[in-house]
Amino acid sequence: MSIKKLNKDVFKSFVDSMIASDQSVVGVKEKVQAKGNKFAFGPLENADQLRLDYDVTLIPPKKYMLPQTETLLTYEVKGESKQHVDEQKLILVGVHPYDMIAINQMDELFSQDEYDTHYMTRRNNITVIACDVVNASENIFASSMETAVVEKGFDILLTDLGKGKEYVAEAITEKGEALLATAVDATDADDKDIAKRSAIQEANKKDLDKHTLNCKPSELSSLLEQAYEHPVWEEKAKTCFSCGSCNTTCPTCYCFDVQDLVNWNLKDGQRERSWDGCLLKDFANVAGDHNFRKQKESRFRHRLYRKGKYVPTKIGGQVACVGCGRCVGACVPDIANPVAVYNRLLEDIKP
Amino acid sequence: MSKPRVAIFDFACCEGCQLQIVNLEEEILDLIGAVDVVEWREAMSEQSEEYDIAIIEGSITRPEDEERIKDIRSKAKVLIAIGACATTGGLNKLKNNFDDLEEVKKCVYSDASTMPHLETAMTKAVDEVVTVDYKVHGCPIEKAEFGSIIRSLLLGKAPEIPDYPVCVECKKNENVCRWEYGEICLGPIIRAGCGAKCPTASYRCFGCRGYVDDPNVNAAVDVMDKYGLTVDQLKSKMVLFGSKQGPTL
Amino acid sequence: MSENINIKVKHLTRVEGHGNIVVNIKDGTVEKCQWQVPEAPRFFEAMVRGRDYDDIQTIVSRICGICSISHSLVATKAVEDALSIKVSEQTDDLRLLMHFSEQLQSHVLHVGYLVAPDLFSAPSVVPLVAAAPDAVLAIIKAHRVANEWSEILAGRITHPITIIPGGFSQIPTEAQLRQLQDNLKNLVDTLLAIVDVVLSVAGNLPAFERDTEYVSLAQKNNYAFYHGDIQSTDGKTMPVKNWEKVANEYVVEQSTAKWTKWNRQSYATGALARFNNNAEQISPLGKAVAEKFGLVKGCCNPYMNSVAQLAEAAHVTEKAIELIDKLLTKGLKTEKVKINPKPGRGHAAVEAPRGILFHSYEFDKDLKCTWGNMCIPTNQNHANMQLDFEKLVPEFMHLGEDGLRQTMEMLIRSYDPCISCSTHFLNVEFVR
Amino acid sequence: MCDCNSTEKSIYLPELAPITKVAMMNETEMYMHLDHDIGHKPGQFVEVSIAGIGEAPISISSSPTEAGFDMVIRKAGRVTDIMHQMQAGDKLGIRGPFGSGYPIDEMKGKDLVFVCGGIGLVPQRSMINYIMDNRADFGKIAILQGTKEFAQRIYHDELERWAGVDGVQVLETIDVAHDSWNGNVGVVTTLIDKIDGIDLTKAVNLICGPPIMYKFVLMVLQEKEVSHENIFVNLERRMKCGVGKCGHCQMNGQYVCQSGPVYRYSDLANIPEAI
């Protein structure tokens, strides 16, 4: 498939023409209300709003596949239920490699064993335009997690060759190819452009390193094999608020709660699922008020085991922390950083 | 099945929570369709001694109020406390930080302090006097949450009232954390359910919904250093809606 | 005609807070006639002491759920006055816009939900749903639009969260303001429909007059809500910082709320007071509404307060549409709040929907509050209600017990009293 | 990525089935039968859905050799409260069966010991009755049932019936003595020594009861040197989806709704959260 080069103007009109099409387009924008320059994915009204030089978004783009809250079923109270599947088509612009890898993992998790048609239908209706990182965020550690570049999952990959003046765009799917074809003034990328792109990606593999994991991600599983009773869990969790911010901002967390709502007529309503978090106190509570993870430290440990050991066994060994650094910034007491925990374990344990 | 009879009563408060019921706007017609409102002093002249569900707004601040709430409890099958004043004592408990109210009154009114209408006592939340079946938190309550709790009860189902911190809803709303601006946001120890209204409006959570069941207040104390703040500053924020209840610093 | 009448209304309904009416008439002589306020005192003046300057608004907003925006605005103005903080023109305009939303919300609530049932001889708005569904839906719609308007500016409907000393924690987007402006334009017809409904039953407003002193804010070129000096219909004016010389609060036996007096034994405040002091500045639509009811400057019929509220509802809607034009033409700017607070004492006044509202605070060098004083409109009306009663009872006792009671209840309601807030300010001096 | 089309049936969509029989077993437990075949294995469970109220995981209590299926419901919360108000003819939403169930093949030809606490008997019954209907395939059977109080006993008719079957012994105990009870008094572990003619170390031991019970039963079996391979436990967890997505039932790396709720104890060696 094709690799094109788009200069600034061509790129802008490419984005504007997507916006003008019948598909909804969401991309990274500077958050207007916030005082700092934080970024968030939101609906684009024009190409100027798109900020591909962003560092990291407040919450990951998973919200488009697995929304904060979504309707699974509609029903008559105490009667028949109907499934509710959202089939809206969407173009998602500006997904960073680490977030793309997280989406790839989630695609696997929601399609393996029991196929989740709610997630997968949304996913299949999204055209993803990924982009390489231009500005490293404060806490990124994608270099350590081997997630600084991505090879699959997206439809088009954009690489900014410098200050938003020129982009290389590579389509790797039919959907992507068709979309890229609408950028009529784009030229074919030449070897020099592709070399520039490789240089940027190689640099990212090294430079997205605000925290450094002192082992290979593939070694985490065997590290954790021996770390269950380590004092670090209690040390760190002492100041844990059980606020779940490390879960809610994480691109690979996908646990959910399900609740039934009813309308005012008390006759119909909907069953909704919404994000949950394993750090929240009642996550493993059952009838009789028995809590299978009552202690803060056991919940704190569970998350880091999920990332480093449990989920990897379900998805062919890939570590379920992609190094976006969001939880590091989101944790008020500053204990959530997985690298800090894993490195602390490495001081005492050899994987 | 006949419609449940609902009576709404107020004690010491700003009546803002009752206003949220009015603020259901068009939905209030649905509410009236689903229940029989038999008493609601602020909105109607009818009064009734017979009701199934009593909705209580406001704190208990006088001995005569204690008698009144006990009487209401004895008549109601279900009693719901709405709003911070009723559920936790709320802002009214700021008063309880003064040690001796009798003396305070004497010093203020001198001779007049024995006048019965000036009687006041330490503020109590409703459940410090009678059993409360359900609580709708907030100052004021969120009308959406109130509606869904009422509908849940009408279906015969215990409502799901969150016992996790405001941060959960705040993060879902994609807010920038107030702590990043060096503000003391009580979100991590306060019960969610408001949709993180305040941080979403770029304002710190000041704790109107009361603490989660097991707030890690020690963590909050530990965190102050990291942000260059003092424990006194934390106390001064916690005291607003958290005086004399839950964990006190 | 009954010679003996005993009225005892405990906890008057359809008003905010608790008030009692007691009347004893024996052999045609009025022995007792009282407006009593038994509301539980809440001691806000004590509760603000020792608190941070940036928590004052959060605390005093809880004085009243219905006029929480007015309390928040006046408190913030007083805090800013005390700490020598200046705000931008944009902040001032946005706050005024927020303030207007509360006038509309509160007036619609009062006229639509609380007063209208009296005019229709119904115990509440509930039976009106069946009897006059269109009118009820119009009232609900106006109330909803007003609330959505508040929410855009204040962050939520009741107890604002965006007002901070020096500015706003967050301002609306231009798109939100445009949408709001559209909603307000669409609302005009709804408001006029409500006006017509009320007009059709306006004959049920009692014909009662008592020469009264009316006090409100007044400004040269504006129908004053948010800025201005204190003015009396008796011709006196007073700068806001001297408000305590206007209120002259005192404690009476029959009330947990304090009473006030200025140039006479009592004065009245509220929509009618504003109209009597500012009638020339009311917007064309407001003027048209007033004319429909024959409301003219100098009116001394307290029952006409509800009509003045309707005129003001039209006024604020029209003015808000203009104000949004001004804001959008200039373009909204995200302003970082940078302040350099200095300790001191400050005072402020705004017109709450029910009348003039005063707050004052003092802060020490740590910017902790050392003193606070607030005087709310209903306090300022209690004495006037009592004097109205004293003239009204002999004039209306021919209606018999039920008729008299109804007339008296309607009188209190027409003042739109906010009783629970009026009791928060017993002048208590706490010793720790 | 699978390109299955979106009209695929949702794994969260329940199917309505009418309740055909209900009976109160005691104050808190209700028996229910649904004439609805779901093709289950002993030890599996279903998600019961009442639209507007919610869902709850409930064990299947009957053997697949019988038509339809049985459930026993303890009144514990939202869904189970409403279930208790239901009658024959009312409909329930059903998803499932879910879970792995008992390892029938490996149990064949062996002696079996069922240790049950309270409504722990409910899921075990699906296996017990399967054995009763295929009696020749299995060895000797011991059924140990412990109940807190006399009034809470369930399935006592059936316990009696099983006791009459050749090669089956039923031992029952209650925690608190009662006038109408002249059987064993004490916790369920006190019954283990009373098992007659079964070598526990060669038998398959199946445990199901309240969370606290496992520790004590396992301790006794440990003393008796029963190998962990020969012990199976049936575990409860919080569940929302039943299909290995929502994360609530996870204990360490295992999703109980998929790999459980029945586990070979030796497989739990690296699952410290299990017991």
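Going in written order, the chains are labelled A, B, C and D, and every chain counts its residues from 1.
As a convention for this text, contacts are C-beta pairs under 8 Å (C-beta built on N, C-alpha and C of every residue); 3 or more make two chains touch, one makes a residue touch a chain.
Keep in mind it's a predicted model, so treat the numbers as computed, not measured.
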| item | value |
| --- | --- |
| Pair of chains joined by more contacts [C-beta pairs], B-D or B-C | B-C |
| Central subunit by CA centre of mass proxy | B |
| Gap in Å, rounded to a whole number, between the CA centres of subunit C and subunit B | 25 |
| Where subunit B and subunit D are represented by their mean Cα positions, the distance between them in whole Å | 43 |
| Inter-centroid spacing, subunit C versus subunit A (mean Cα positions, whole Å) | 50 |
| Whole-Å gap between the CA centroids of subunit A and subunit D | 39 |
| Contacts with 2+ other chains: residues of subunit D | 52-54, 77, 82 |
| In subunit A, residues with contacts to at least two other chains | 33, 35, 77, 259, 262 |
| In subunit C, residues with contacts to at least two other chains | 170 |
| For the subunit D and subunit A complex, residues of the former touching the latter | 1-4, 6, 8-14, 16, 49-55, 74, 76-77, 82, 90-91, 93, 210-211, 236-238, 240-241, 243-248, 250-253, 258, 272-273 |
| Residues of subunit D that touch subunit B when the two form their complex | 52-54, 77-78, 81-82, 85 |
| Subunit C-touching residues of subunit B, taken from the complex the two chains share | 11-20, 22-23, 25-26, 28-29, 32, 37, 40-47, 61-62, 65, 90-92, 94-95, 98-99, 103-105, 107-109, 112, 115, 117-118, 120, 139-140, 197-198, 200-203, 206, 236-237, 240 |
| Footprint of subunit B on subunit A - complex, ascending | 31, 33-36, 38, 40, 58-59, 68, 77, 238-245, 248-249, 259, 261-266, 275, 277, 280-282, 296, 329-330, 332-334 |
| Residues of subunit C touching subunit B in the complex | 11, 13-17, 38-43, 46-47, 51-52, 55, 58-59, 62-66, 68, 109, 113-114, 117, 123-126, 129, 137, 140-141, 143-144, 147, 155-159, 161-162, 164, 169-170, 251, 253, 255-256, 420-421, 426-432 |
